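What follows is a short report on a single structure.
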Amino acid sequence: MAVLGAAGRMGSTTTAAVRAADGLELVAELGEGDDVAALTGVADVAIDFTVPEVTEANVHALLDAGVHAVVGTTGWDAAALGRVRAHASTRPDVGVLIAPNFALSAVLAMRFASVAARYFASAEVVEMHHPRKLDAPSGTAVHTAHGIAAARAEAGLGAMPDATATSLPGARGADVDGVNVHSLRLAGLVAHEQIFLSNPGELLTIRTDSFDRVSFMPGVLLAVREVAARPGVHVGLDTYLDL
Amino acid sequence: MAVLGAAGRMGSTTTAAVRAADGLELVAELGEGDDVAALTGVADVAIDFTVPEVTEANVHALLDAGVHAVVGTTGWDAAALGRVRAHASTRPDVGVLIAPNFALSAVLAMRFASVAARYFASAEVVEMHHPRKLDAPSGTAVHTAHGIAAARAEAGLGAMPDATATSLPGARGADVDGVNVHSLRLAGLVAHEQIFLSNPGELLTIRTDSFDRVSFMPGVLLAVREVAARPGVHVGLDTYLDL
Amino acid sequence: MAVLGAAGRMGSTTTAAVRAADGLELVAELGEGDDVAALTGVADVAIDFTVPEVTEANVHALLDAGVHAVVGTTGWDAAALGRVRAHASTRPDVGVLIAPNFALSAVLAMRFASVAARYFASAEVVEMHHPRKLDAPSGTAVHTAHGIAAARAEAGLGAMPDATATSLPGARGADVDGVNVHSLRLAGLVAHEQIFLSNPGELLTIRTDSFDRVSFMPGVLLAVREVAARPGVHVGLDTYLDL
Amino acid sequence: MAVLGAAGRMGSTTTAAVRAADGLELVAELGEGDDVAALTGVADVAIDFTVPEVTEANVHALLDAGVHAVVGTTGWDAAALGRVRAHASTRPDVGVLIAPNFALSAVLAMRFASVAARYFASAEVVEMHHPRKLDAPSGTAVHTAHGIAAARAEAGLGAMPDATATSLPGARGADVDGVNVHSLRLAGLVAHEQIFLSNPGELLTIRTDSFDRVSFMPGVLLAVREVAARPGVHVGLDTYLDL
């Protein structure tokens, strides 16, 4: 086990979690400028919590080194993914997981929302974060709304019922693929999401609360333990879960 | 006890509730065109669940008849209220309660929100209603936000923290006096509100769920039983509660 | 489409829902003493919302008549199920669904809880019902707890962490297969359940609220539309869902 | 400002909060064996986050020194309180606040629950804590239940409706003065409480979530700023709030 970006916030939380975990051994902590190629034959798995500017280069280097890669760094676009997939096809023994979110509760909530969406007349998403957050809605909420919209489209459901005739600007939230998303910014919170799905007489609510960065660690450790058994490039921790 | 607008949705629910209540006797059910003056000496208390067009005239007639009035009809503005107050000052023995909302949980939630607001860094309001509702946000949510804003101003609190730099239109809700309000429309729901108040490390949530019109009846009966003991014009059921 | 037990609470709600549904035609409403055999060649599907004493006989008669059966009546035990399975094996063209719960939100919540349980350190169940309910915990909550316990066992998880040393009797709820279940009885509620699943730093909550008997109708209609395409005996609406 | 027990968990969180607060100056941090009398003329206010064994002696010494005292240490019984009240009556210029809980959301929730309880047919309490907690229910939940029970008794409400006839042991929770209290223990949680109050057709829920020890600091700072203006002995942070 090696950690790339070991001095960062996620990296240092990860090194602590790996040290405390049964059956995992931390053999290297890499920072800015360290040589990924040096991991060849030293580490079986590497976790990348670096920055968008270097993460793709790191994954190519890990593929060259024959080291399985678990990547939590954000900023991947389709072009970068395509280059990694092409490279990985030449190393069919190596596993790569690129996951924007390691919080199991968030990953499961998104999956459950998209599974359930086809069975409900209405669905809306409320996300709550600390007020230092720069963007609204959160990426997780947008991703959740996309999943709901895709499921509704596949099931042949039309637009949701909504008779709103007069509204203050913004009251009905942001429209993401026809799903209304609402963003709250509250001092002291971390990352929280509520998904509401309803039919006449019933309401299904799926809620996730992340209080602390350690909430990502069960997902990170699960990925580290599985990546060697899943060759090829996978995107999203949900691809590793038995759902 | 008399019910004005007895054939309407709220009126008929009220007549049923009065009949089932201990110590209350229903002596008259009035509909469109019936003469309110006929209640003189017949009823001690009258409940008005009519329509905005006639409710003020009803209250004047009840004052003339010396009948205490509990009014649930909406649409009162400052001018109408002023005229009723002037009239009532000539009948100091008669009580009038004008209440836009008889749901005890909603009335208490608004009061609690305004009491608590001065102690928290952040506050936002989420309301959820059936999708046949025409306006957004709901009147209750707007009223709740006004109460929060007034309490914050009185306590000398400034704007809430919010670093949002990029946002989809509507994501951050409607701005009501500096309090963000979010409106969800979900098939099968009735009337629901969540008020979030937070500080570093803590979140206080006050939630009300109204599933059915009968939820207004405890508040209506409380008002009917109290109105004779509270002469003068009172606005809002909270003025009757021991808070 | 025929409804057996059409005069009962669920039966009458069902006949109304079938009449309002696109593409379904109600051809018969049967009550006590009516002859199920008369449905031969008349109805393609029948819904049974009768009573435990007659439901098994009804299903055998429907199998004889070649009518697909959707059964919402409770009280089925293993012996009765075995007899129906044996009979159904002689009519491989007929579908039978026996479902104790048609509320989609409750059925999905149970499934999601058992899918998620293997990924969380702790899980507990809180159910809330009207105070006229005779048993505690509810059958749905017990079923949910069984699903969580089975998933934890399959994943090799041991007992949940709990250092409780001193406790008032009952504070920690009922132990159902090692999962703590808590029952609240609150005036005015209908049927509600909250499932809590947690790890360090995160909490996943799945909540269902049923406000009204009509909440069962989307599930009933889904079953009616699917039963002909699913020959054999199936137990639980979840067997019909794409999960 | 002085902090007694400055090296402890709460003490060190408090010294950090005082240092970061506008208008407060930290002049002394005392630990085990340090002499409280030395604060005479040095500090105007002292906060005691020590241990039950020494807190009463500290308060007597602070009264002798003419230093206002804010006490967060638990373990006070009626006898100790009586001795401090007697002593304080000889120092009418000095304020003493003894508060078992400085979390504003928890203090407000308890107050709101007891204010609301008289207006609802049913009330139950659910508390959720980390699984290292030794006792169940939590002191806060027991205190909440006492407040609800007292309010119901004062309003002349009888026992809550509950038709439970068959129950698994513990399902209905612990009976605290006739109020059912349910304790959940979930890995990763800190301190959380939900209070449910219901009537036909409506549910009022008051929920508090404490994610972190810093949640006590707004209440501690409020007390420190107010104590000099409130001579005499006060018990409970709610006595300082405008409720």
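Brief remarks on what is shown
In order of appearance the chains are A, B, C and D, and numbering begins at 1 in each one.
Criterion: a contact is a pair of C-beta atoms (placed from the backbone, for glycine too) under 8 Å apart; a residue touches a chain by one contact, two chains touch by 3 or more.
Labels paired with UniProt names: A, B, C, D = 4-hydroxy-tetrahydrodipicolinate reductase.
Only a predicted model underlies this, so the values are computations on that prediction, with no experimental measurement involved.
A centroid comparison over C-alpha atoms places C as the chain most distant from chain D. Interface note: chain A and chain B, two copies of one sequence, contact each other through mostly matching residue numbers (shared numbers exceed half of all numbers used).
Between chain A and chain D, the centres computed from C-alpha atoms are 39 Å apart. Computed centre separation for the pair chain A/chain B is 44 angstrom, with centres defined by C-alpha atoms. Mean C-alpha position of chain B lies 33 Å from that of chain D.
Chain contacts: chain C has residues 120, 188, 199-203, 209, 211-212, 215 touching two or more partner chains.
Viewed as a network of touching protein chains, the structure reduces to a complete graph with every chain in contact with every other. Residues of chain A touching chain B in their complex: 120-122, 124, 126, 128, 131-137, 160-176, 180-189, 196, 198-203.
Against chain B, the residues of chain C that register as touching in their complex are 188, 190, 209, 211-212, 215.
Those residues of chain B whose C-beta lies close enough to touch chain D in the complex are 103-106, 108-109, 112, 115-116, 118-120, 197, 199-218, 222, 241-243.
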